[in-house]
Amino acid sequence: MRGGEHEGTVHLRVRYSETDQMGIVYHANYLVWCEIGRTELMRELGYAYADVERAGIRLAVAEACVRYGQAARYDDALRVVARVTAAQSRAISFGYEIHREGEQPALLATASTRLVAIDERGTPRRLPPELLERFRAGSSQE
Amino acid sequence: MRGGEHEGTVHLRVRYSETDQMGIVYHANYLVWCEIGRTELMRELGYAYADVERAGIRLAVAEACVRYGQAARYDDALRVVARVTAAQSRAISFGYEIHREGEQPALLATASTRLVAIDERGTPRRLPPELLERFRAGSSQE
Amino acid sequence: MRGGEHEGTVHLRVRYSETDQMGIVYHANYLVWCEIGRTELMRELGYAYADVERAGIRLAVAEACVRYGQAARYDDALRVVARVTAAQSRAISFGYEIHREGEQPALLATASTRLVAIDERGTPRRLPPELLERFRAGSSQE
Amino acid sequence: MRGGEHEGTVHLRVRYSETDQMGIVYHANYLVWCEIGRTELMRELGYAYADVERAGIRLAVAEACVRYGQAARYDDALRVVARVTAAQSRAISFGYEIHREGEQPALLATASTRLVAIDERGTPRRLPPELLERFRAGSSQE
(Lines give C-alpha, C1' and ligand atoms only; values in the text may rest on other atoms or scores of the structure.)
Protein backbone atom coordinates (compact mmCIF):
# COMPACT_ATOMS: atom_id res chain seq x y z
CA MET A 1 0.00 0.00 0.00
CA ARG A 2 1.38 3.34 -1.10
CA GLY A 3 1.75 6.02 1.52
CA GLY A 4 -0.01 9.24 0.84
CA GLU A 5 -2.93 11.49 1.49
CA HIS A 6 -5.56 9.04 0.25
CA GLU A 7 -5.44 6.72 3.18
CA GLY A 8 -7.41 6.62 6.37
CA THR A 9 -5.32 5.59 9.35
CA VAL A 10 -6.53 4.85 12.86
CA HIS A 11 -4.68 3.75 15.95
CA LEU A 12 -6.42 1.23 18.19
CA ARG A 13 -5.57 -0.73 21.29
CA VAL A 14 -6.91 -4.31 21.39
CA ARG A 15 -9.78 -4.63 23.86
CA TYR A 16 -10.14 -7.53 26.28
CA SER A 17 -13.61 -8.14 24.88
CA GLU A 18 -12.03 -8.77 21.47
CA THR A 19 -10.00 -11.77 22.65
CA ASP A 20 -11.24 -15.34 22.79
CA GLN A 21 -10.15 -18.37 24.77
CA MET A 22 -7.40 -19.09 22.24
CA GLY A 23 -5.70 -16.09 23.87
CA ILE A 24 -5.80 -14.07 20.66
CA VAL A 25 -8.28 -11.73 19.02
CA TYR A 26 -11.42 -13.43 17.72
CA HIS A 27 -11.18 -13.34 13.94
CA ALA A 28 -14.47 -11.56 13.20
CA ASN A 29 -13.25 -8.46 15.04
CA TYR A 30 -10.77 -7.64 12.29
CA LEU A 31 -13.76 -6.67 10.14
CA VAL A 32 -14.79 -4.22 12.84
CA TRP A 33 -11.35 -2.62 12.73
CA CYS A 34 -11.49 -2.42 8.93
CA GLU A 35 -14.72 -0.53 9.22
CA ILE A 36 -13.20 1.92 11.67
CA GLY A 37 -10.40 2.55 9.17
CA ARG A 38 -12.96 3.02 6.38
CA THR A 39 -14.89 5.51 8.53
CA GLU A 40 -11.69 7.46 9.11
CA LEU A 41 -10.82 7.41 5.41
CA MET A 42 -14.23 8.85 4.55
CA ARG A 43 -13.83 11.54 7.19
CA GLU A 44 -10.47 12.46 5.65
CA LEU A 45 -12.03 12.56 2.19
CA GLY A 46 -14.40 15.16 3.63
CA TYR A 47 -17.53 13.02 3.66
CA ALA A 48 -18.18 11.37 7.01
CA TYR A 49 -20.20 8.17 6.85
CA ALA A 50 -22.69 9.67 9.29
CA ASP A 51 -23.34 12.35 6.63
CA VAL A 52 -23.88 9.68 3.99
CA GLU A 53 -26.58 8.07 6.13
CA ARG A 54 -28.18 11.45 6.77
CA ALA A 55 -28.47 11.79 2.97
CA GLY A 56 -30.55 8.59 2.92
CA ILE A 57 -27.81 6.35 1.54
CA ARG A 58 -26.35 3.33 3.28
CA LEU A 59 -23.20 1.54 2.22
CA ALA A 60 -23.87 -2.15 2.75
CA VAL A 61 -21.04 -4.69 2.74
CA ALA A 62 -21.48 -7.03 -0.24
CA GLU A 63 -18.24 -8.93 0.08
CA ALA A 64 -15.47 -9.15 2.67
CA CYS A 65 -12.24 -11.13 2.78
CA VAL A 66 -9.56 -11.21 5.45
CA ARG A 67 -6.14 -12.91 5.38
CA TYR A 68 -4.72 -13.42 8.84
CA GLY A 69 -1.01 -13.67 9.61
CA GLN A 70 0.38 -13.30 13.11
CA ALA A 71 -2.36 -12.92 15.69
CA ALA A 72 -3.32 -9.69 17.38
CA ARG A 73 -3.34 -9.94 21.18
CA TYR A 74 -4.87 -8.10 24.12
CA ASP A 75 -3.50 -4.59 24.64
CA ASP A 76 -1.55 -4.61 21.35
CA ALA A 77 -1.28 -1.17 19.77
CA LEU A 78 -2.59 -1.45 16.22
CA ARG A 79 -2.53 0.76 13.16
CA VAL A 80 -5.30 0.19 10.64
CA VAL A 81 -4.85 1.65 7.17
CA ALA A 82 -7.73 1.82 4.68
CA ARG A 83 -7.78 3.04 1.09
CA VAL A 84 -10.14 3.01 -1.85
CA THR A 85 -9.15 0.40 -4.46
CA ALA A 86 -12.04 0.85 -6.91
CA ALA A 87 -14.89 3.36 -7.22
CA GLN A 88 -17.92 2.68 -9.40
CA SER A 89 -21.28 4.40 -9.51
CA ARG A 90 -22.92 1.76 -7.34
CA ALA A 91 -20.06 0.06 -5.55
CA ILE A 92 -16.84 1.00 -3.78
CA SER A 93 -13.99 -1.35 -2.96
CA PHE A 94 -11.58 -0.85 -0.10
CA GLY A 95 -8.29 -2.45 0.88
CA TYR A 96 -6.96 -2.64 4.44
CA GLU A 97 -3.79 -3.40 6.33
CA ILE A 98 -3.69 -4.11 10.05
CA HIS A 99 -0.30 -3.52 11.63
CA ARG A 100 0.97 -4.13 15.13
CA GLU A 101 3.03 -1.23 16.39
CA GLY A 102 5.53 -0.98 19.22
CA GLU A 103 8.54 -3.12 19.95
CA GLN A 104 7.72 -5.91 17.52
CA PRO A 105 6.01 -4.24 14.59
CA ALA A 106 4.39 -6.56 12.05
CA LEU A 107 1.75 -6.64 9.37
CA LEU A 108 -0.88 -8.83 11.01
CA ALA A 109 -3.59 -9.00 8.38
CA THR A 110 -4.80 -7.68 5.06
CA ALA A 111 -8.41 -7.40 4.01
CA SER A 112 -10.71 -6.18 1.27
CA THR A 113 -14.39 -5.27 1.20
CA ARG A 114 -16.81 -4.25 -1.52
CA LEU A 115 -19.70 -2.00 -0.49
CA VAL A 116 -22.84 -1.20 -2.43
CA ALA A 117 -25.06 1.85 -2.10
CA ILE A 118 -28.65 1.19 -1.02
CA ASP A 119 -31.49 3.35 0.21
CA GLU A 120 -33.41 2.94 3.46
CA ARG A 121 -35.50 0.13 1.99
CA GLY A 122 -32.49 -1.78 0.73
CA THR A 123 -32.95 -0.87 -2.94
CA PRO A 124 -29.67 -0.42 -4.87
CA ARG A 125 -28.88 3.24 -5.56
CA ARG A 126 -26.20 5.26 -7.26
CA LEU A 127 -23.72 6.93 -4.98
CA PRO A 128 -24.17 10.70 -4.62
CA PRO A 129 -21.97 12.11 -7.47
CA GLU A 130 -20.02 14.26 -5.08
CA LEU A 131 -19.16 11.31 -2.89
CA LEU A 132 -18.20 9.19 -5.89
CA GLU A 133 -15.93 11.98 -7.08
CA ARG A 134 -14.16 12.06 -3.76
CA PHE A 135 -13.75 8.30 -3.73
CA ARG A 136 -12.28 8.47 -7.23
CA ALA A 137 -9.93 11.27 -6.27
CA GLY A 138 -8.97 9.26 -3.20
CA SER A 139 -8.48 6.02 -5.07
CA SER A 140 -5.13 4.43 -5.86
CA GLN A 141 -6.46 3.20 -9.22
CA GLU A 142 -4.56 4.39 -12.24
CA MET B 1 -38.03 -17.56 40.71
CA ARG B 2 -41.40 -19.32 40.72
CA GLY B 3 -41.99 -21.84 37.99
CA GLY B 4 -45.02 -21.22 35.85
CA GLU B 5 -46.47 -20.00 32.63
CA HIS B 6 -45.25 -16.44 33.00
CA GLU B 7 -41.64 -17.12 32.23
CA GLY B 8 -39.71 -16.99 29.02
CA THR B 9 -37.13 -19.75 28.74
CA VAL B 10 -34.50 -20.17 26.06
CA HIS B 11 -31.80 -22.76 25.61
CA LEU B 12 -28.45 -21.55 24.31
CA ARG B 13 -25.06 -23.04 23.68
CA VAL B 14 -22.10 -20.79 24.51
CA ARG B 15 -20.39 -19.51 21.36
CA TYR B 16 -16.64 -19.39 20.92
CA SER B 17 -16.95 -15.71 20.12
CA GLU B 18 -18.43 -15.16 23.58
CA THR B 19 -15.30 -16.33 25.39
CA ASP B 20 -12.30 -14.18 26.26
CA GLN B 21 -8.70 -14.98 27.02
CA MET B 22 -9.58 -15.76 30.63
CA GLY B 23 -11.05 -18.94 29.13
CA ILE B 24 -14.56 -18.03 30.24
CA VAL B 25 -17.43 -16.03 28.80
CA TYR B 26 -16.82 -12.28 28.61
CA HIS B 27 -19.08 -10.71 31.22
CA ALA B 28 -20.96 -8.30 28.95
CA ASN B 29 -22.42 -11.22 26.99
CA TYR B 30 -24.68 -12.21 29.87
CA LEU B 31 -26.72 -9.09 29.09
CA VAL B 32 -27.15 -10.36 25.54
CA TRP B 33 -28.50 -13.65 26.88
CA CYS B 34 -30.88 -11.81 29.21
CA GLU B 35 -32.25 -9.95 26.24
CA ILE B 36 -32.83 -13.18 24.34
CA GLY B 37 -34.78 -14.50 27.32
CA ARG B 38 -36.79 -11.26 27.47
CA THR B 39 -37.57 -11.55 23.76
CA GLU B 40 -38.81 -15.08 24.31
CA LEU B 41 -40.91 -14.03 27.30
CA MET B 42 -42.59 -11.34 25.20
CA ARG B 43 -43.24 -13.82 22.42
CA GLU B 44 -44.89 -16.14 24.96
CA LEU B 45 -46.99 -13.27 26.30
CA GLY B 46 -48.26 -12.90 22.74
CA TYR B 47 -46.51 -9.64 21.90
CA ALA B 48 -43.23 -10.13 20.07
CA TYR B 49 -40.71 -7.33 20.50
CA ALA B 50 -40.53 -6.98 16.73
CA ASP B 51 -44.28 -6.11 16.87
CA VAL B 52 -43.62 -3.51 19.55
CA GLU B 53 -41.08 -1.78 17.31
CA ARG B 54 -43.47 -1.93 14.37
CA ALA B 55 -45.93 -0.03 16.56
CA GLY B 56 -43.37 2.78 16.89
CA ILE B 57 -42.33 1.98 20.45
CA ARG B 58 -38.87 1.00 21.57
CA LEU B 59 -38.02 -0.44 24.95
CA ALA B 60 -34.70 1.07 25.95
CA VAL B 61 -32.65 -0.35 28.80
CA ALA B 62 -32.46 2.22 31.62
CA GLU B 63 -30.73 0.06 34.19
CA ALA B 64 -29.04 -3.32 34.19
CA CYS B 65 -27.35 -5.32 36.95
CA VAL B 66 -25.74 -8.74 36.80
CA ARG B 67 -24.39 -10.90 39.64
CA TYR B 68 -21.97 -13.51 38.40
CA GLY B 69 -21.28 -16.82 40.17
CA GLN B 70 -19.55 -19.75 38.47
CA ALA B 71 -18.38 -18.86 34.99
CA ALA B 72 -20.03 -19.99 31.79
CA ARG B 73 -17.61 -21.67 29.38
CA TYR B 74 -17.42 -22.44 25.69
CA ASP B 75 -19.95 -25.01 24.49
CA ASP B 76 -21.85 -25.02 27.80
CA ALA B 77 -25.56 -25.67 27.39
CA LEU B 78 -27.40 -22.83 29.11
CA ARG B 79 -30.97 -22.18 30.12
CA VAL B 80 -31.99 -18.54 30.44
CA VAL B 81 -35.19 -17.76 32.32
CA ALA B 82 -36.79 -14.31 32.19
CA ARG B 83 -39.86 -12.97 33.98
CA VAL B 84 -41.57 -9.64 34.58
CA THR B 85 -40.95 -8.33 38.10
CA ALA B 86 -42.74 -4.96 37.81
CA ALA B 87 -44.97 -3.36 35.17
CA GLN B 88 -45.71 0.37 35.18
CA SER B 89 -47.17 2.57 32.48
CA ARG B 90 -43.76 3.78 31.32
CA ALA B 91 -41.31 1.18 32.62
CA ILE B 92 -41.04 -2.59 32.88
CA SER B 93 -38.67 -4.52 35.10
CA PHE B 94 -37.41 -7.99 34.38
CA GLY B 95 -35.51 -10.59 36.41
CA TYR B 96 -33.29 -13.29 34.92
CA GLU B 97 -31.57 -16.52 35.86
CA ILE B 98 -28.84 -18.10 33.80
CA HIS B 99 -28.39 -21.81 34.46
CA ARG B 100 -25.86 -24.29 33.17
CA GLU B 101 -27.47 -27.55 32.15
CA GLY B 102 -26.01 -31.00 31.60
CA GLU B 103 -23.85 -33.07 33.91
CA GLN B 104 -22.99 -30.30 36.35
CA PRO B 105 -26.04 -28.09 36.50
CA ALA B 106 -25.66 -24.81 38.33
CA LEU B 107 -27.16 -21.34 38.61
CA LEU B 108 -24.42 -19.23 37.03
CA ALA B 109 -25.83 -15.74 37.28
CA THR B 110 -28.84 -13.61 38.14
CA ALA B 111 -29.67 -10.29 36.61
CA SER B 112 -32.26 -7.53 36.49
CA THR B 113 -33.06 -4.82 33.98
CA ARG B 114 -35.47 -1.91 33.87
CA LEU B 115 -36.71 -0.82 30.45
CA VAL B 116 -38.49 2.38 29.53
CA ALA B 117 -40.78 2.99 26.57
CA ILE B 118 -39.62 5.62 24.09
CA ASP B 119 -40.68 6.61 20.59
CA GLU B 120 -38.46 6.78 17.53
CA ARG B 121 -37.02 10.13 18.60
CA GLY B 122 -36.19 8.92 22.09
CA THR B 123 -39.07 10.74 23.81
CA PRO B 124 -40.55 8.83 26.79
CA ARG B 125 -43.93 7.26 25.99
CA ARG B 126 -46.55 5.21 27.71
CA LEU B 127 -46.60 1.54 26.88
CA PRO B 128 -49.46 0.47 24.61
CA PRO B 129 -52.24 -0.45 27.12
CA GLU B 130 -52.63 -3.91 25.64
CA LEU B 131 -48.92 -4.63 26.09
CA LEU B 132 -48.94 -3.27 29.63
CA GLU B 133 -51.90 -5.50 30.41
CA ARG B 134 -50.03 -8.54 29.21
CA PHE B 135 -46.95 -7.61 31.19
CA ARG B 136 -49.12 -7.21 34.30
CA ALA B 137 -50.84 -10.52 33.72
CA GLY B 138 -47.42 -12.07 33.17
CA SER B 139 -45.88 -10.49 36.23
CA SER B 140 -45.05 -12.28 39.46
CA GLN B 141 -46.03 -9.21 41.49
CA GLU B 142 -48.77 -9.70 44.01
CA MET C 1 -23.94 -27.67 -1.58
CA ARG C 2 -24.87 -31.34 -1.69
CA GLY C 3 -27.23 -32.62 0.96
CA GLY C 4 -25.98 -35.46 3.04
CA GLU C 5 -24.46 -36.68 6.23
CA HIS C 6 -21.27 -34.63 5.92
CA GLU C 7 -22.80 -31.31 6.77
CA GLY C 8 -23.21 -29.52 10.03
CA THR C 9 -26.48 -27.65 10.28
CA VAL C 10 -27.57 -25.27 13.01
CA HIS C 11 -30.73 -23.25 13.44
CA LEU C 12 -30.35 -19.77 14.89
CA ARG C 13 -32.58 -16.81 15.55
CA VAL C 14 -31.05 -13.39 14.89
CA ARG C 15 -30.27 -11.55 18.14
CA TYR C 16 -31.02 -7.89 18.69
CA SER C 17 -27.37 -7.39 19.61
CA GLU C 18 -26.41 -8.58 16.13
CA THR C 19 -28.21 -5.74 14.36
CA ASP C 20 -26.78 -2.32 13.65
CA GLN C 21 -28.35 1.06 12.98
CA MET C 22 -28.80 0.16 9.31
CA GLY C 23 -31.62 -2.06 10.65
CA ILE C 24 -29.89 -5.23 9.48
CA VAL C 25 -27.34 -7.63 10.91
CA TYR C 26 -23.84 -6.18 11.25
CA HIS C 27 -21.73 -7.95 8.65
CA ALA C 28 -19.02 -9.31 10.94
CA ASN C 29 -21.58 -11.45 12.76
CA TYR C 30 -21.95 -13.78 9.79
CA LEU C 31 -18.47 -15.09 10.61
CA VAL C 32 -19.71 -15.92 14.10
CA TRP C 33 -22.57 -17.94 12.61
CA CYS C 34 -20.17 -19.75 10.28
CA GLU C 35 -18.14 -20.77 13.28
CA ILE C 36 -21.21 -22.13 15.04
CA GLY C 37 -21.94 -24.22 11.94
CA ARG C 38 -18.34 -25.44 11.88
CA THR C 39 -18.56 -26.40 15.56
CA GLU C 40 -21.69 -28.39 14.83
CA LEU C 41 -20.11 -30.10 11.83
CA MET C 42 -17.17 -31.20 13.97
CA ARG C 43 -19.53 -32.50 16.64
CA GLU C 44 -21.32 -34.52 13.97
CA LEU C 45 -18.01 -35.88 12.68
CA GLY C 46 -17.48 -37.16 16.22
CA TYR C 47 -14.73 -34.74 17.23
CA ALA C 48 -16.01 -31.72 19.12
CA TYR C 49 -13.84 -28.64 18.87
CA ALA C 50 -13.66 -28.50 22.66
CA ASP C 51 -11.94 -31.94 22.45
CA VAL C 52 -9.48 -30.61 19.88
CA GLU C 53 -8.45 -27.83 22.26
CA ARG C 54 -8.15 -30.28 25.14
CA ALA C 55 -5.65 -32.19 22.94
CA GLY C 56 -3.52 -29.03 22.79
CA ILE C 57 -4.41 -28.10 19.22
CA ARG C 58 -6.13 -24.89 18.15
CA LEU C 59 -7.62 -24.29 14.75
CA ALA C 60 -6.85 -20.67 13.91
CA VAL C 61 -8.62 -18.90 11.06
CA ALA C 62 -6.07 -18.04 8.34
CA GLU C 63 -8.49 -16.76 5.74
CA ALA C 64 -12.19 -15.87 5.66
CA CYS C 65 -14.43 -14.58 2.88
CA VAL C 66 -18.13 -13.79 2.98
CA ARG C 67 -20.44 -12.86 0.10
CA TYR C 68 -23.58 -11.13 1.28
CA GLY C 69 -26.88 -11.15 -0.56
CA GLN C 70 -30.19 -10.18 1.06
CA ALA C 71 -29.71 -8.96 4.59
CA ALA C 72 -30.52 -10.94 7.70
CA ARG C 73 -32.77 -9.06 10.12
CA TYR C 74 -33.69 -9.17 13.80
CA ASP C 75 -35.63 -12.26 14.84
CA ASP C 76 -35.12 -14.00 11.46
CA ALA C 77 -34.92 -17.77 11.74
CA LEU C 78 -31.67 -18.85 10.08
CA ARG C 79 -30.21 -22.16 8.98
CA VAL C 80 -26.43 -22.30 8.78
CA VAL C 81 -24.89 -25.19 6.84
CA ALA C 82 -21.17 -25.96 7.03
CA ARG C 83 -19.12 -28.58 5.23
CA VAL C 84 -15.47 -29.46 4.71
CA THR C 85 -14.23 -28.46 1.26
CA ALA C 86 -10.55 -29.45 1.61
CA ALA C 87 -8.57 -31.33 4.25
CA GLN C 88 -4.78 -31.22 4.37
CA SER C 89 -2.38 -32.24 7.10
CA ARG C 90 -2.01 -28.68 8.39
CA ALA C 91 -5.05 -26.85 7.06
CA ILE C 92 -8.78 -27.45 6.68
CA SER C 93 -11.12 -25.47 4.44
CA PHE C 94 -14.82 -25.06 5.08
CA GLY C 95 -17.71 -23.75 3.00
CA TYR C 96 -20.89 -22.24 4.45
CA GLU C 97 -24.38 -21.25 3.44
CA ILE C 98 -26.62 -19.02 5.52
CA HIS C 99 -30.30 -19.41 4.74
CA ARG C 100 -33.34 -17.54 6.01
CA GLU C 101 -36.17 -19.90 6.85
CA GLY C 102 -39.87 -19.27 7.31
CA GLU C 103 -42.31 -17.55 5.01
CA GLN C 104 -39.74 -16.00 2.69
CA PRO C 105 -36.89 -18.48 2.53
CA ALA C 106 -33.72 -17.29 0.83
CA LEU C 107 -30.01 -17.96 0.65
CA LEU C 108 -28.63 -14.87 2.38
CA ALA C 109 -24.89 -15.44 2.21
CA THR C 110 -22.13 -17.87 1.35
CA ALA C 111 -18.73 -17.98 2.98
CA SER C 112 -15.48 -19.87 3.13
CA THR C 113 -12.74 -20.12 5.73
CA ARG C 114 -9.35 -21.83 5.86
CA LEU C 115 -8.10 -22.91 9.28
CA VAL C 116 -4.61 -23.95 10.27
CA ALA C 117 -3.59 -26.14 13.19
CA ILE C 118 -1.36 -24.50 15.79
CA ASP C 119 -0.27 -25.43 19.31
CA GLU C 120 -0.71 -23.36 22.44
CA ARG C 121 2.26 -21.15 21.53
CA GLY C 122 1.01 -20.49 18.02
CA THR C 123 3.48 -22.83 16.28
CA PRO C 124 2.04 -24.59 13.21
CA ARG C 125 1.26 -28.24 13.85
CA ARG C 126 -0.09 -31.22 11.98
CA LEU C 127 -3.68 -32.10 12.68
CA PRO C 128 -4.14 -35.22 14.83
CA PRO C 129 -4.31 -38.04 12.22
CA GLU C 130 -7.65 -39.25 13.53
CA LEU C 131 -9.18 -35.80 13.17
CA LEU C 132 -7.75 -35.38 9.68
CA GLU C 133 -9.22 -38.74 8.72
CA ARG C 134 -12.64 -37.64 9.87
CA PHE C 135 -12.38 -34.37 8.01
CA ARG C 136 -11.41 -36.28 4.86
CA ALA C 137 -14.26 -38.72 5.26
CA GLY C 138 -16.55 -35.78 5.84
CA SER C 139 -15.25 -33.79 2.90
CA SER C 140 -17.11 -33.28 -0.35
CA GLN C 141 -13.84 -33.48 -2.29
CA GLU C 142 -13.53 -36.35 -4.71
CA MET D 1 -16.59 11.82 40.86
CA ARG D 2 -13.71 13.90 42.17
CA GLY D 3 -11.16 14.98 39.65
CA GLY D 4 -7.60 14.00 40.37
CA GLU D 5 -4.71 11.73 39.67
CA HIS D 6 -6.47 8.54 40.69
CA GLU D 7 -8.68 8.25 37.67
CA GLY D 8 -8.22 6.43 34.43
CA THR D 9 -9.62 8.34 31.48
CA VAL D 10 -9.97 7.11 27.91
CA HIS D 11 -11.37 8.79 24.84
CA LEU D 12 -13.36 6.60 22.47
CA ARG D 13 -15.38 7.11 19.33
CA VAL D 14 -18.54 5.00 19.05
CA ARG D 15 -18.14 2.22 16.48
CA TYR D 16 -20.80 1.33 13.96
CA SER D 17 -20.65 -2.25 15.22
CA GLU D 18 -21.71 -0.99 18.65
CA THR D 19 -25.06 0.34 17.42
CA ASP D 20 -28.25 -1.66 17.10
CA GLN D 21 -31.39 -1.22 15.06
CA MET D 22 -32.79 1.21 17.64
CA GLY D 23 -30.21 3.60 16.16
CA ILE D 24 -28.31 3.84 19.45
CA VAL D 25 -25.53 1.91 21.12
CA TYR D 26 -26.50 -1.58 22.25
CA HIS D 27 -26.58 -1.47 26.04
CA ALA D 28 -24.12 -4.30 26.74
CA ASN D 29 -21.33 -2.33 25.06
CA TYR D 30 -21.18 0.15 27.91
CA LEU D 31 -19.62 -2.62 30.01
CA VAL D 32 -16.92 -2.97 27.37
CA TRP D 33 -16.15 0.74 27.64
CA CYS D 34 -16.02 0.52 31.43
CA GLU D 35 -13.44 -2.20 31.11
CA ILE D 36 -11.33 -0.08 28.80
CA GLY D 37 -11.43 2.70 31.39
CA ARG D 38 -10.47 0.22 34.12
CA THR D 39 -7.55 -1.02 32.01
CA GLU D 40 -6.36 2.54 31.61
CA LEU D 41 -6.72 3.25 35.31
CA MET D 42 -4.56 0.23 36.12
CA ARG D 43 -1.96 1.31 33.59
CA GLU D 44 -1.88 4.73 35.28
CA LEU D 45 -1.51 3.11 38.70
CA GLY D 46 1.58 1.45 37.26
CA TYR D 47 0.22 -2.09 37.07
CA ALA D 48 -1.14 -2.98 33.63
CA TYR D 49 -3.80 -5.68 33.62
CA ALA D 50 -1.70 -7.66 31.14
CA ASP D 51 0.97 -7.78 33.89
CA VAL D 52 -1.58 -9.01 36.41
CA GLU D 53 -2.45 -11.92 34.13
CA ARG D 54 1.22 -12.68 33.58
CA ALA D 55 1.49 -13.02 37.37
CA GLY D 56 -1.14 -15.77 37.25
CA ILE D 57 -3.99 -13.68 38.62
CA ARG D 58 -7.21 -12.87 36.82
CA LEU D 59 -9.71 -10.26 37.92
CA ALA D 60 -13.13 -11.71 37.23
CA VAL D 61 -16.23 -9.54 37.24
CA ALA D 62 -18.50 -10.61 40.12
CA GLU D 63 -21.07 -7.85 39.83
CA ALA D 64 -21.83 -5.13 37.31
CA CYS D 65 -24.50 -2.42 37.24
CA VAL D 66 -25.13 0.28 34.65
CA ARG D 67 -27.55 3.22 34.77
CA TYR D 68 -28.27 4.59 31.34
CA GLY D 69 -29.34 8.18 30.63
CA GLN D 70 -29.20 9.75 27.19
CA ALA D 71 -28.14 7.26 24.55
CA ALA D 72 -24.71 7.13 22.94
CA ARG D 73 -24.85 7.20 19.15
CA TYR D 74 -22.62 6.24 16.23
CA ASP D 75 -19.50 8.38 15.89
CA ASP D 76 -20.05 10.15 19.23
CA ALA D 77 -16.82 11.14 20.93
CA LEU D 78 -16.89 9.66 24.44
CA ARG D 79 -14.83 10.09 27.57
CA VAL D 80 -14.83 7.18 29.99
CA VAL D 81 -13.61 7.82 33.52
CA ALA D 82 -12.86 4.96 35.92
CA ARG D 83 -11.76 5.06 39.56
CA VAL D 84 -11.35 2.63 42.44
CA THR D 85 -14.18 2.91 44.97
CA ALA D 86 -13.15 0.10 47.34
CA ALA D 87 -10.09 -2.12 47.64
CA GLN D 88 -10.09 -5.29 49.72
CA SER D 89 -7.67 -8.18 49.79
CA ARG D 90 -9.80 -10.31 47.48
CA ALA D 91 -12.06 -7.84 45.71
CA ILE D 92 -11.83 -4.42 44.08
CA SER D 93 -14.74 -2.14 43.26
CA PHE D 94 -14.72 0.43 40.50
CA GLY D 95 -17.01 3.31 39.55
CA TYR D 96 -17.40 4.70 36.04
CA GLU D 97 -18.80 7.68 34.21
CA ILE D 98 -19.41 7.75 30.48
CA HIS D 99 -19.56 11.26 29.02
CA ARG D 100 -20.34 12.48 25.54
CA GLU D 101 -17.95 15.19 24.44
CA GLY D 102 -18.18 17.77 21.67
CA GLU D 103 -20.94 20.25 20.98
CA GLN D 104 -23.54 18.71 23.26
CA PRO D 105 -21.62 17.32 26.19
CA ALA D 106 -23.57 15.16 28.62
CA LEU D 107 -23.12 12.46 31.23
CA LEU D 108 -24.61 9.46 29.43
CA ALA D 109 -24.23 6.69 31.98
CA THR D 110 -22.76 5.68 35.31
CA ALA D 111 -21.70 2.19 36.26
CA SER D 112 -20.07 0.11 38.96
CA THR D 113 -18.35 -3.25 38.96
CA ARG D 114 -16.87 -5.49 41.64
CA LEU D 115 -14.01 -7.75 40.60
CA VAL D 116 -12.57 -10.70 42.47
CA ALA D 117 -9.08 -12.16 42.16
CA ILE D 118 -8.89 -15.77 40.97
CA ASP D 119 -6.09 -17.99 39.71
CA GLU D 120 -5.99 -19.83 36.41
CA ARG D 121 -8.30 -22.56 37.70
CA GLY D 122 -10.87 -20.10 38.98
CA THR D 123 -9.97 -20.48 42.68
CA PRO D 124 -10.32 -17.27 44.71
CA ARG D 125 -6.98 -15.69 45.56
CA ARG D 126 -5.66 -12.71 47.40
CA LEU D 127 -4.54 -9.82 45.28
CA PRO D 128 -0.77 -9.39 45.04
CA PRO D 129 0.02 -7.03 47.98
CA GLU D 130 1.75 -4.55 45.74
CA LEU D 131 -1.27 -4.30 43.47
CA LEU D 132 -3.63 -3.96 46.43
CA GLU D 133 -1.46 -1.18 47.78
CA ARG D 134 -1.70 0.69 44.52
CA PHE D 135 -5.45 0.24 44.37
CA ARG D 136 -5.70 1.58 47.92
CA ALA D 137 -3.50 4.54 47.12
CA GLY D 138 -5.59 5.12 44.02
CA SER D 139 -8.91 4.81 45.79
CA SER D 140 -11.22 7.67 46.64
CA GLN D 141 -12.23 5.99 49.90
CA GLU D 142 -11.75 8.01 53.01
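Each chain carries a letter (A, B, C and D) given by its place in the written order, and its residues are counted from 1.
Here is the rule we use: a residue touches a chain if its C-beta (ideal position, glycine included) is under 8 Å from a C-beta of that chain, and two chains touch if they have at least 3 such contacts.
No experiment lies behind these values; they were computed from the predicted model shown.
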If a chain touches chain A and chain D alike, it appears here: B, C
Most remote chain, CA-based centroid, reference being chain D: C
Fitting chain C to chain D on CA atoms, where both chains share a sequence, rotation angle to nearest 5 degrees: 180
Rounded Å distance, chain A centre to chain B centre (Cα mean): 34
Between chain A and chain C, centroid-to-centroid distance (C-alpha), Å: 24
Chain B-chain C separation of Cα centroids, rounded to whole Å: 28
Junction residues of chain D, two or more chains touched: 16-17, 21-22, 24, 28, 32, 74
Of chain D, residues touching chain A in the complex: 15-17, 32, 35-36, 39, 48-50, 74-75
Contact set on chain B toward chain A in their complex: 16-17, 19-24, 26, 28, 74
Parts of chain C lying in touch with chain A, wherever the complex brings them together: 21-22, 24, 27-29, 31-32, 53, 58, 60-68, 70-71, 122
